[in-house]
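Below is one structure, written out as structure tokens; the observations come after it.
By written order: A, B, C, D and E. Residues from 1 in each chain.
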Amino acid sequence: MHASIILLLPFFSALVILLGHRQLKGASVLISVGSSIISFIACLFFLAAEDDNKLLLPFLDVGGHFHAGIEVLIDKQSRGMMFIVSFIGMLVHIFSLGYMKDDDAKPRFFGSLSLFMFSMTGIVLAGNLIMMFIFWELVGLSSYLLIGHWYQKASAAEACKKAFLTNRIGDFGFMIGILLLFGANHGSVNLDDLATAFKSGPLAPGAPGYSAGFTTAAALCIFLGAVGKSAQFPLHVWLPDAMEGPTPVSALIHAATMVAAGVYMLVRVSFLIEASPLAAEIIAGIGCFTALLAALMATQQNDIKRVLAYSTLSQLGYMVMAVGAVAMAAQHGHEAHGPNPGHPAMFHLYTHAFFKAMLFLGSGAVIYACHHEQDIWKMGGLRKHMPVTFWTFLIGTLALMGLPWITSGFYSKEAILGAAYDSGCSILFHSAALTALLTSFYMMRLVIIAFFGKPRTESAHHATEVPVIMCLPLIALAVFSVLSAWDGFATPLQALKPAHEPPHATVLFASIAAFIIGTGGAIYLYRGKDKDPISIKLFANKFYFDEIYAVIVRICQDRLAWIVTALERVFVDGLIARLPTAIVARLGAATRLLQGGHLQGYTFLLGGGVIAVIYLVVFVLPRMGH
Amino acid sequence: MPPLLFYLFALITLGFGFLVVTGRNPVTCALALAASFVGLAALFLSLDAYFIGVIQILVYAGAVMVLFLFIIMLLDIKTEEGKKLNVPAIVSGVLLAVLLTLQIIAVVGSTELANKTSQNTPLALAEAAGKIGKAALPTITNDLKAGTLPDAKLIGFTLFDQYGFHLQVIGLLLLVGTIGVVVLSKRERSAP
Amino acid sequence: MITLGHYLVVSGMLFSLGLAGVIARRNIIIVYMCLEMMLSAANLALVGFSRFHLVNGLPDYTAQSLVFFTITVAAAEVAVGLAIIVALFRSKQSVDVESVTKLQG
Amino acid sequence: MSVFTIEAGLAILGLVLLLLEAFKPDISRRTLGLTAIAGATLALVLLTIAPHDSASLPGFIQPWHQLDSLALFYKGFALVITILVLWLTLECAPYLTRFTVDGKLAEMFSLPLIVCAGMMWMASARDLVTVFVALELVTVSFYVLVAFARKSAFSLEAGVKYLILGALSTGVLVYGIAWIYGATGTMSFDGIAKALANPATSKTTALFGAAVLLCGLGFKVAAAPFHMWVPDVYQGAPTPVTAFLSVGSKAAGFVVLTRALDAFMAEGSIIGSEIQGFLLVIGSLTALLGSLPAMFQTSVKRLLAYSSISHAGYLLLALACRESARFDLSSGGVVAFYLATYLPMTVLGFLGLGLMRANGLGEDIKDFAGLAKRNPLLALLMTISFASLAGLPLTAGFLGKLFVFLGLADHGYWGAMSCAVIAAAAGFYYYFKTILAMYTTEGTDVPALTFSGPAKAVAGALALVILILGVYPKPLQSVLTSDRPAVLAK
Amino acid sequence: MSVLELIIALPLLAALAIWLGAPARAASLGATFINLILVLYTAVQYWGKTGLAFTHSRPILENPSLSFAVGADGISIILALLTALVMLAAIWQIEDRPPIFYVSSLLIGGGALGAFLTTDVFFIYAFHELALIPTFLMIALHGRAEPAQRKAVAWKATIYLGVGSLVLLAGLVWLVLEFSGGSKLTFDLEALRSQAKLNPLPDAKQAQIFFVLLLGFGSLVSLFPFHSWAAPAYATAPTPVAMLHSGVLKKFGLYGLIRIALPLLPQGAHVEWVQNALLLMLLGNILVMGLVTIHASRLDNTLANSSVMHMGYIFLGIAAGTEIALKGAVILMFAHGISIALLFGLCGRMRNQLGTLEYNKLGGLATHAPAFTVLFAFGSFASIGLPGLTNFAGEVLIFLGNFTEFKAGVLTNLQWTVILALWGVVMSAVYMLRAYRSIFHGSPATGLFMIDPVFSQRVPFIMLATTLLVTGCCPWLLLNLMKSAL
């Protein structure tokens, strides 16, 4: 019941707004915000819902035992995730009321936002992979629409296209994975069914036809979907560009929820990853690599949103690594304890959602205040002009850096480091720690440059605190950034938290050391500077991935398309269309020559014809035994 | 017929035929054709087809060839001497003629039918008279009994007994021919 | 000994000769003569066959009737044909086969 | 009244018309034409009510004249095409008279009646003598008709070509008859069939005779390689005569061919399979040699000539499929069906050409440009005609082709079938080229084109027949298979 | 008189009436509107039923047995619905055009309806041919190019389609000969089917016939490598013709394969050489044509080539031949028809208003023509295969249908093909988004100005977009119609 309200409310809101926004005008904003608030309230009730897996609507009903319907799977993960989505969604809606006040295309924005809420809800509640895929694509669409909100800007137009296409590549793998599982599990991609199948069904080790390679392939294909959506290497390139969208969008979609959907999905199919050691290692490796890579890139970015974007990339890599690491640990017999243990990745997802959304909204407030200035070197001294924003932003930053024992980020990061440690792979653990260090470094760098010192430009100088309607969400999120990991807070969400184990000393040490070294380094380097004292081109230019990809796309796509088109013209059109036409035309012209108009020629043909016929009938055909 | 005569007439027929095909002057050709038809008529006679032989001479060598000559004279057609020969046409004509002849000879050679001779199929006229019996006119039967072949009578009997209708159609055809000639050679009126 | 085969060969040669003339000659009147030769050759074959195909011990006169018809038809054809040739001569001043090549292709 | 009397009456009517014209020179050609049409129509009516069995014929003609469904069908067919040709002559008279020396057309009304009688006799012929006599009557009449508009250089040239080649084919035909007679000892089709069933008959001789005879007949039906006369003669001859040649003369040729092949390919015939192979080869060749050059034609009349060659190819292929096992129609029946569908579409095509000539236009494809604007009705009717000739489904032309293809496929003659398919594909091209021209809009500031009410009626009726036969062929089929199982029905 | 006969006759009668002088727009819109209602009525009537319904037969020939027999099952009704919708939209969007535009649209639509709703092979074939003629004439006479060029394009298309039809005819004749059974040739599809069930042919023979039919039907559907007519033809065709041919008439070939070839030759598509050939060809459609589409630099070329490419997916469904895949194929046929008609319709409007469709000359249209942009987005995202629009349902069912027979670890050729074909989904996103980006996004290009059509002109497109949305969100509406059809 709740589930259907949560799912359908934003759907109708989106439908009404997108189709009728000309007639609705301002009312569309109210509809959207209202629906998000109602959804959130419904979600609070939903937190108490019992575990369930039921069919709401037969979407593709083909008969037989196959039906890919709208199935709602209610368990601890969907409940928790639903809370995050609806809560942050609501706050972003409210924040947008202020942020988008002067935008002409406000209804379109809110319509797309509602569409996103609908799609994200769908992913969270999805009880089977096909439904998940459906909403997976739909969040891609809403992300496309929102990134391209200011489509007149060429960069925004390119960015939304890039985001969609990169995600499509991921979905390509996701779909293959779904198909493989669909085939192997005899037509069911229901998550519960699959879990059973991997435990004791046709996909369990030892079942007839079991193949480890197949399991790995399926896991990696599914993982490719997550790589796209959660912007993992090598499909990470779209996320920084996605910052072309309005900042609330970046907060909601490209920080808190949508990009986390990949992680959520991986956790949902963790049975699959656990079934394949190789896949788990690859996933962990990719996540770890992404985390490190993005962190390095973040250290040299000057655009406030880009720093946050790379930080998001890095954190997503963290989560993905956690998924892999937990699976590796599980393969080593490292079972999680406790009655209802959560997953470290989910836990980090949960805490990260709040503080990263908070940071994005904060940066939005800064941008808003500085008249859409995004370069941190053109800010400075904002601490005094916008105190609320500064303090909330600082809390978020500290949470992200993992200020020990106080912020939620510390606990969740520690859980991941613990998982990496448990995985038995020391490279994972070391890279994770290094990433944590870098995180502290670049975040501190950001805060120091933007908020401390003195204003470096006019716009920074005249910046004032944002209106209340924008402050409120910041404050709410800041509170959550600190409290969300505390026991006793939001009891039902505890399920997201991993079983409480005393942290391993190494892990604890690494975590704290990373925080201190990173912060210290940043303070040492950037305090009072008006210019970046260090310049590493490789990091600033994001390891030249965009350029490399541009070359690859040009060769693999444009050149190939050109060549194939030429070949198609020459061979297909030439051999199948033009050649026979030419032959027939020649034949026709030749036969026309017979008809020269000369009587002697005709008599010759007639006489020759008679002779030929006689030859054929009397001398040839009888021998052929016709 | 003695073989010698057969060969003689065959030679006349074919030789003059050859002259028709090769002659440069149309008048020569027409006269050669008439001569060839006379030879052919003789061959008809040698096949006991007296009536046909006579008709051949009367209609062909007589009427038709006169018509040809008449037209040639009327139109005052020059000989072809001035004009160059159409060599490909001649070559192909000869080639086809040779091929066709070879084919016919091959067919003739391969069949028992061709070995029939007048010797092994003597006309047993008296016997035939008995067989024909009442189907024919008494005069035919009488002639047969007398040992002569009443060729003209027999062909006339066949024509009028079996092919009366066809004769009339042929008449119609001749009429159509006449009309055609009139239509096709009408002079244009001076003032239309 | 003269057999039916001899007659057939003569007939065939005459037929071929006519055909050669039809193809090789340019004067339409001569072409027409050659056509008559071919018809006659056919007649010879018919008469030959009729002589050796005995019905009641007599030559088969149905075939000879056909010969009779052929000769008549040939006469009518010659009349019409020469009329057309005369018309052609009147309009083109020529009876050469090469004077009628406008229709082609 | 027996059928035979009707035919004789028709010939007599032709003679009477000639006499009328000769002795009453001021008689209008309208009167003459209408009389001829009335006579032929009366003959058609009488044909339908006359007794339809051979026993009704006078005894003396029974040996060489028969009345089976094939004969009756072709007799009716000959009458219908004669009526249409006579009417077309009347319609085209204003411009035809410009090419005759005395501005008169009397023979153009009387000769078709005689030709019609000749074709009707041919349809009933039971022996080769009758075939020869009737065929020559038709041929000689056509010599006259083709060259009739002799003030036109084209007509005269066509006349000369038809004359020489026709006479040549007559020679070949008689030579073939001679050899068939020599091989079988008889002229009658029944006798030939009987003799060919006898293994003692000399196979080589029979084959030779049959081959030469079929070459002679092949000329009449425009089978390749004896088709060269067709484009030139069709183009040069006056349009009504072309229509007559292309429908009437061709049908007559095919009825004789059907009879001859019934004899040659009867059960147990020693030469049956060779003749069948011959037909397949010749049929495929004809279909191709008709279609391929047609693609390059700019004159629609010439194009129709080539198309008629191509259609002859399909018909020959139909004749090659003897026992179409699971088919109500025998090969002769298929040919008859095809010809019955061929009649309205071809006549309609030539009618359109005649009407265009009557409006002072040429016969080239470029003269068709913008026809849809000048006269939408005529354009539509011509479209129907050409679409049917191309063999477009839902028109009569498709069913005929379908039956041919069914027959070929049933026998597994895939080679011949692919030739027919290629020819049909080429056919699509050239027919639609013409249709396209009719609807082009560029450069068509030419005056409207008009034609008379009766012309509209006749053309409309022909188009309607095409469409109705295309979707409801049952009546035609039942005519062809009604009470005469022996010949047409299997 | 069956309601289906009325549905077939109505457009043809309207065309006749217009030719006789009836007001073109009113008559054709009236007829197509009534037709749509009738088709919807049949769909409602058929709801929950199975098998052939509304059957009626009028014999026109005894032996070979031909009859004008109508009848519809779910597939026919879905395709009839597609035809009625697209025909209404195509006719509605015609503006200031001579009556021949209306007449030809009615004839194409009527022909397609006839092909989908008759159950006699003869008429199925015949109606399709009937619809080809106006297509050909309209491209040649009113195409968007110089006269010589448009004629060349029209010829190319017609020759391909004509030859394809003849090959098809040969295949159909073969079928009729093989399956008529007894002593009588019949063209009745039901009779042929029951005979095929009773006496199935040996696999090798089925494969041969199937291949012939595949070539015949395939060239009508622009199966690679017999596709090179399609792109220029659609790019050149007048808008209503492009909408109707690519949207509706092209589906005939696929319909024929599903309706005639598969039931009669159930093993034909599964014999190895046929299947491999089909898979290669459809991969050509998807991958080669995908790249060719990416290379296109004009909207009409992109749309035309994409339409060729998408046929590959439907063929993939046919190649699988499982129930799920075939139902997916039918849904995709419907979806592709609606979406491509929508896109071609909008493309035609753009060409009329802007005079060019070159990507490098366009841009920023979304600013002035937002409604137009939304409508275009519906079409392009449907064609990308976005969930919520019908195409997705079709595609996903086709993909799933290929995996119902699965041995873990061993992928069949079919399944490898699906995986390769999935890459095409990425490619279609590449070119459609590029088109969308170049035309609507960015700053408005100078000198090119375009405003939204007024509401009445928007109606046909809204109708199509709504159809995409409704059936996309509720594909079971279509699936329910096909309960037992396969």
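Everything below uses one rule, namely that contacts are C-beta pairs under 8 Å (C-beta built on N, C-alpha and C of every residue); 3 or more make two chains touch, one makes a residue touch a chain.
Not measured: the values here are computed from a predicted model.
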Tell me the fewest steps from subunit A to subunit B, where a step is a jump to a chain it touches. 1
Core chain by centroid distance, with centroids computed from Cα atoms only: E
The chain whose C-alpha centroid lies farthest from that of subunit C is chain A
With chain centres defined as mean CA positions, report which chain is farthest from subunit E. B
Comparing the two chain pairs, does A-D have more C-beta contacts than B-D, or is it the other way round? A-D
With chain centres defined as C-alpha means, what is the inter-centre distance between subunit C and subunit D in Å? 26
Euclidean distance of C-alpha centroids - subunit B vs subunit C, Å: 8
Give, as an integer number of Å, the spacing between the C-alpha centres of subunit C and subunit A. 95
Quick one: report the Å distance separating subunit C from subunit E, using the average Cα coordinate of each chain. 64
Mind pulling the residue numbers of subunit B that touch at least two other chains? 86, 89, 92-93, 96, 100, 103-104, 107, 113, 162-163, 166, 170, 173, 176-177, 180, 184
Where subunit A touches two or more other chains at once, by residue number: 592, 595, 597, 599-600, 603-604, 607-608, 610, 614, 618
Using the touch definition from the top, which residues of subunit E touch two or more other chains? 159
Chains grouped in pairs wherever the two touch, ordered by label: A-B, A-C, A-D, A-E, B-C, B-D, C-D, D-E
Once bound in the complex, which stretches of subunit B touch subunit A? 86, 89, 92-93, 96, 99-100, 103, 106-107
Could you please specify the touching residues of subunit E with respect to subunit A in the complex? 156, 159-160, 224-229, 288-289, 291-292, 294-295, 323-324, 327, 364, 366-367, 374, 381, 386-388, 392-393, 396-397, 399-400, 402-409, 415, 418-419, 422-423, 425-426, 429-430, 433-434, 437, 440-443, 475-476, 479-480, 483
Subunit A contacts subunit C in the complex at 592, 595-600, 603-604, 607
Applying the document's contact rule, which stretches of subunit A touch subunit B when the two form their complex? 600, 604, 607-608, 610-611, 614-615, 618-619
Residues of subunit D touching subunit B in the complex: 11, 15, 18, 60-61, 63-64, 101-103, 107, 111, 114, 118, 121, 129-130, 133-134, 136-137, 140-141, 143-144, 147-148, 150-151, 159, 182-183, 202, 204-205, 208
